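Below you'll find a set of structures to go through.
Look for chain A in each of the two complexes below; its partner is chain B in the first and chain C in the second.
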Partner chain A sequence: MKKILLACSSGMSTSLLVTKMEAHAASIGEEAKIWAVGQDQAKKEMADADVVLIGPQMSFLKGEFQKEAAKYGINVDVIDMMAYGLADGKKAYEQALKLMGDK
Partner chain B sequence: MENIDLDTLTPEQINFMLILHSGNARSKIIQAIREYREGNVQEADSLLAQSEEDLKVAHEIHFKMVQKEASGEKVDFALLLMHAEDHLMSTLTMKELVKELLELFKQKNL
Partner chain C sequence: MFEKLSQYLVPIAGKLNNNRYLAVLRDAFMLAFPLTIFGSIFVVLTNLPFLDKIMSEESLNTFRTLFGNASPATMGIMSVFVVFGIGYYLSKSYDVEAVFGGAIALVSFLLLTPFVLQPENGEAIQNVIPLDRLGAKGMFLGMITAFLSAEIYRKVVQKNITIKMPPGVPPAVAKSFAALIPALITLTVFLLINVFVTAVFDTNMHDVIYKAIQAPLVGLGSGIIPTLIAVFFIQILWFFGLHGQIIINSVMDPIWNTLQVENLNAYTNGDPVPHIISKPFMEIYTVGMGGTGMTLAVVFAILLFMKSRQMKQVAKLGLGPGIFNVNEPIIFGLPIVMNPLIIVPWILSPMIVTLVSYFAMSSGMVPPPTGVTVPWTVPVFINGMMATNSIAGGLLQLVNMAIVFVIWFPFLKVIDRVNVKKEQDEMNKAS
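After this line comes the complex of A and B, so read on.
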């Protein structure tokens, strides 16, 4: 099962994106655990994830998060601007898969 | 994302767009401070200028929303809209403060 962690400063906008990503995963019959946390919890929560996507408000933390994520052998990236701006669950999900190396 | 036509977007998407551009600006503002700390003053100034461009886009979207409401079209109040407004206002505040502070630091040779 794919485990995708989203993080943004308070976790509100990403929670909405989570719902859309879950809906997309379900629609293509894939099992995924997708959840969103605020930036303070992200470093702890990434221990349970296969990939981390962060909101634009946090993009300055990408380097710091990548260092932490490297401990778990997972990738971190900023959510694609178009995916975020249009609240596109499908695009965000596909971005996550690509970062996971399509495991 | 130039000339965004609000009519092609859902209310949810409009709010996400506001958060996106405010968020991009916010990140650049923090990065500006970090660059300044490292002694990269020009980079800091450039990042602040870029953040102002992002805030301009957010402002344009917001302005169109205000115009729509003024012309009688009802705007749905949603938690997400509150969240987007918060992002925009707080980022504008950050930008103003950081701009002033960096000028202060330059003056004091800090």
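After this line comes the complex of A and C, so read on.
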């Protein structure tokens, strides 16, 4: 099962994207656990994830999260801006898969 | 050019966001948040405009007295929560026993607080703490004291100057003894500061900090020009895709929150509200009208008057969240970020609207926010009414949204034309 963590300022705007991503994963028959947390919990929750995606308005967190994520050998990136704005579950999911594939 | 500016701004945003002290300050105010919401609910309830029509004057007064302690117990002593919060979260960030850090910070604050009430005429009353020293007036001293106190505490702990209990002693007891020496050292520092200030200068730290730091800073922050500058930077940061409020609030919140508590104190006393600018003003009259940049008006403009398929799709997605003032779909979907075509309305309309709101209130047409906390996710018009306890507060927001609509319209039309042509070209190519 793929575990994708989304991090945002308070987890509000990202929750819509989570739903869309879950719907897309289900539609292609893949099992995925996708959840969103605020930036304060992200470092702890990373331990459970295969990849971390950050909301674009918190892009300045990337460096700090990458350091933490390196401990678990997982990748971190900023969610594609258009995918985030249009709640494009497919695009965000594919971005997450690509990040996981390079492990 | 935008790319270079973005590369410059992102690390600054990161540094501000990750700065230990600013993060702790943010968390400490978050601690006070549920408490102030509670207090605010009762201020709103006991001041609903139609109450005097359904209750006799006597029962209204009884109602107000009975339920009137929710606000003093929360907003009225907000410095207490902020001080404890800072002590707690700063200690936590250093991985030392946080609850002792909080308690020690609180006592440090009390050690600097005069336990005497000096009325204008008449004898001083001993063994009381004037309430406002625990509220608005003590805010900046509280913040400074808490940071200093927690720093001393954690340094002593980290240097291992503690009493270590033998194993077998229950952890709570061991922790209490471990905190003993750091507490003694920290508290003695503040006791001595107070001795020095009262014996040598015949004053107290509350008054010193209030006159030297709090009053000037808060006075500065309550002006329209610094407010417009803050709005400008919030918009610029969002233009580069960075969360403008998180960054600007970390600096301005201490001032805006203090202004809010001062307003609420006056309001619950029946006095005129002293400040127009306050935290609720920023939340209700900037973010609270459809999100940063008041984009709900933009959403309506697109849905009603624009023809581009892509824009309408974005606007449809943005309508639901926009009603609750969440507008990331518009910011990243239109997009607003890095889009030179809309930088003019994006920066200009919030500044103009803020100016309009300020003058509506300073001229007395609309009452300023009373100081109650209204969550910024409450929809527009409702949040304006709740914050100002008047219909005029809501109507002002509608006027403001109309102004935003008018400013954005020509720019949206330009983008619309460009998009429509692109969409038509794609259709022609496909057929």
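Assume the second predicted complex is superposed on the first by the 101 of 103 C-alpha atoms of A that agree within 3 Å, B and C clash if a C-alpha of one lies under 4 Å from a C-alpha of the other, contacts with A are read in each partner's own complex, and residues count from 1 in each chain.
The definition used in the following text is that contacts are C-beta pairs under 8 Å (C-beta built on N, C-alpha and C of every residue); 3 or more make two chains touch, one makes a residue touch a chain.
Bear in mind the structure is a predicted one, so any value in this text is a computation, not a measurement.
After superposition onto chain A, the modelled positions of chain B and chain C overlap sterically. When the two structures are aligned on the shared chain, A:S13 is found in touch with chain B and with chain C. By the document's definition of touching, neither partner reaches A:A47: not chain B, not chain C. Within the superposed three-chain model, A:A23 lies out of touch with both chain B and chain C [touch as defined at top]. In the superposed pair of complexes, A:E64 makes contact with chain C only, with no contact to chain B.
Chain A uses residues 12-13, 16, 55-60, 81-82, 84-87 to touch chain B in one structure and chain C in the other. Every residue of chain A that touches chain B in the complex is listed here, in rising order: 8, 10, 12-13, 16, 55-60, 81-82, 84-87. Residues of chain C that touch chain A in their complex: 10-11, 13-14, 17-18, 27, 238, 241-243, 246, 313-314, 317, 321, 326, 328-335, 337.
Contacts from chain B toward chain A in the complex involve residues 1, 9-10, 12-13, 16-17, 19-20, 22-24, 26-28, 30-31, 34, 79-80, 83, 87.
By the touch criterion given at the top, residues 9, 12-13, 16, 40, 55-61, 63-64, 81-82, 84-87 of chain A touch chain C in their complex.
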